[in-house]
Amino acid sequence: MTVEQAVASAAPVREEDGLILDVRELTKEFVLHNIDGRSVSGLSGVSFRLSAGEHIALAGTSGAGKSSLLRAIYRTYKPTTGNIFFTLEDGNTIDLVGLSDQEVTMLRGRQIGYVSQFLRAQPRRSALDLVTRAGVYRGMGRDEARDMAATSLRRLNIGEHLWDVHVSVLSGGEKQRVNLAAGLMSPPRLLLLDEPVSALDPENRESAIDLIAELSQSGVAVLAVFHDLDAISRLATRIIVLEKGTVTRSGPTDHILPSLTVGDVQP
Amino acid sequence: MTVTDNTTNRLDSLGASGDGPSFAILDEESKREIRRALLQAVAVPGYQVPFGSREMPVARGWGSGGLQVTLAIVGPDDTVKIIDQGDDEGVNAVNLRRLVVSSTGIPETTEAREASIIQSRHRIPEDELTATQTLVLQVPVPEPLRGIERDVRELARMHAEADYSRMWVSLYEDKVRNGVITQSTGYPCLVNGRYVVATTPIPRWDIPRLHMSQFLTLFGAGREKRVYAIPPHTIVEPLTFDDVPFEVERIEGAACRLCGSTDSFLVDSSGEVDSWACSDTAWCRARRSQG
Amino acid sequence: MGLQRHRMVQGQEVAGMRGPSPIPTPDPVLTVNGLGKIYGRDDAGTIDRTGSDAGSARDPITGAIVAAWDVNFEVAAGEAIGIVGESGSGKSTVLRCIAGDLEATSGDVRLSTHMEGRSNVLLADPATRRRMRIDQLSVVYQDPSEGLALSVTAGGNIADPLTAAGVRSFAKIRERASELLSRTEVPLNRMDDIVRNFSGGMRQRVQIARALANKPRILLLDEPTTGLDASVAAGVLDLIRGLLEELDLAAVVVSHDFSVIEMLTNRCIVMHHGRVVESALTDQLLEDPHHPYSQRLVSAARA
């Protein structure tokens, strides 16, 4: 199977509106017990909906809560109040906020993908192996996963001479592309991207953007944080602007984009 | 009479034989206690039964355990043969035999076939023993796991749970280090599929004869205060790996310089190079006299 | 429990949320409920007078030490759960009670490999518990001398569990030992060297090889890389992570070191003065710890 075919078959648009994510009044407060029990607000009453094939870019100044929102949905942060309704592959809807830890681990990497700018701690494993495993974890056969991993790595310009090299010795940009390839293996229904192309040189950035665009077209719902307006203009269907953890504006990309400044997309 | 009857009778009847307190050195109470321990040992083949080892007119470690067993089971109708290595004339064998004979008045013999009780330290006679005979072995170290574990509670646990993996590890290590399993005398055996026993200090040569034997074997350790038994018709398996056969001592081309035997246990004779002789001297003599 | 509960969301029941969870989770291989270990004389008030809130595991009235109390968790095949805490928090006590090295005071521990999980192994007799250690549950200790006979060769240490499981072929023992040692990256030419002559990292690899000899379903790791040089520890961690992924083991990793927990586990519990103060996804614990003690622990680790 090629990447394109896999992409096309992985997340069919379903039901009436193909709703994947329905976030309602999401609030996250951090209680810092060791600093006078101080409470710090991360997100406050965030609501939005995201359907299959849609690509929402999160914008806002540094510290506005863009990454926090991604983390709250992925359950790296535990939401304080609110709901995150997620439509499962089988059509059932569940609230991610109420899931047990074990249930969350079952969704991660299978139905919900997360690609950050950093490669998480990984053992000294080769690039090809790491990407292949992501596919196996998603339920693919080993050979199939390996073929697809090879295709993905090629598409992202990771030369074959690097496939057997431990990822820990790759450059920042190479690591990021390996990470992206792993995150995009047999793509999930919902993909959370946290500055996935920030460390890439122009040429590799183009390949990565093309790949992400294809995923959206094939029906994956994407929620992303980018730190450049160009990526947003080429990928996003809608933009949500956050300020101090609250949604201040949202709308189609062509409505919102003209009002954004470079400061709105800073990490 | 079946073998079992014979064994039971021997253990059962002697205490009531009315032979007076001086028969066989030990008082009747002591004999009964030892016989109770022996009964338990026969009932649980290979299990080491503690007993109240007495002071004997021989030093502990010089056959006092075997002697107590013999004295506890001997009766006026018995005939004894006592050997040390294979030789009836060994100093220790002679001393022990004198003790038994003088305290009981029973006859002694050097012919294995004629004896009803054979006490030995290092050998089982070459003659095949029968159901009417009892072999008493003097054991210096009754604990087969002694070299592996010193803590007595842990040893008891290992036997109780038949947890013998460390014994297997020591055989493995022996084979790895030396290419063969080098343990010669006192080879560990699994009795009745349950307990590992020390056959110390008989040579490997004698081990196969304990397996499904016609005769009762009683082991006595005076210093360690333990008795154990291999009843007749009991499975006795030397511990070895499936693919590492258990082999008895054989010296290529060796024959007894006296009787010419090549199928008996041979020992180095008179310090000469390549000079061998039967370890069982009585058997060797009989073979020669038969021509 | 987790599968049966109803989820009420702002007073209204969500469609599809009734009854069993729509997200199937694998059956647990190891289930721990209400596990506790108390040393010394306790009374009815001991539990209330000890723990994280009380600031000590020691009962000021009776002097009893509540080393662990009311510990609950489940681990499925292919999953690793971490137990984090400082030394003395009770995390190793929990592991040793599960392993049978220590006798628990209370609790219920089930292994799917033992009577299909129908029986509390804490009530099994010591012999049965030791037999579980042969082929169902293995432990890798911080100190290799606890898990290995140092005077025995690497191969001999692996022969031990194999012969305990009834393997009687010398060739098969050699073959399996070579297989395990090469998997744990111990040079095969050292198979017949006694373990005492091995470096710390190499001993740990032999210990892991031995633990895996009879393909147990459950692996308990007690500070498996503590005390090793950083680069050696990294190699051993890589190895463990690879094995956990490959062998579909249910693993419990006890460590005070967040990098170990982060590398090996998806979920974890935090222990403090013998009590579980927080139970979380591992990344959540690191990014968004809730309990005051967890926050202290994480910020200390980040510093």
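We just call them A, B and C in the order they show up, numbering each chain from 1.
Please note the rule applied: a contact is a pair of C-beta atoms (placed from the backbone, for glycine too) under 8 Å apart; a residue touches a chain by one contact, two chains touch by 3 or more.
Remember, predicted model here, so these are calculated numbers, not experimental data.
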| item | value |
| --- | --- |
| Where subunit A and subunit B overlap in contact partners, by chain label | C |
| Comparison of A-C and B-C by number of C-beta pairs in contact, larger one | A-C |
| Taking each chain's C-alpha mean as its centre, the one farthest from subunit A | B |
| Chain centre separation (subunit A, subunit B; CA means) in Å | 79 |
| Subunit A-subunit C separation of Cα centroids, rounded to whole Å | 32 |
| Geometric centre distance via CA averages, subunit C-subunit B, whole Å | 49 |
| Interface residues, subunit C side, partner subunit A - complex | 2, 7, 9-10, 14-17, 21-25, 74, 76, 79, 234-235, 237-238, 241-242, 245, 259, 262-263, 266-267, 279-281, 283-284, 287-288, 290-292, 295-296, 299 |
| In the complex with subunit C, residue positions of subunit A that touch it | 30-34, 71, 75-78, 83, 85, 88, 90, 92-95, 98-107, 121, 123-125, 133 |
| Of subunit B, residues touching subunit C in the complex | 160-161, 163-166, 168-169, 172-173, 175-177, 241-244 |
| In the complex, subunit C residues that touch subunit B | 127, 130, 149, 152-153, 155-157, 159-161, 163-164, 168-171, 173, 192 |
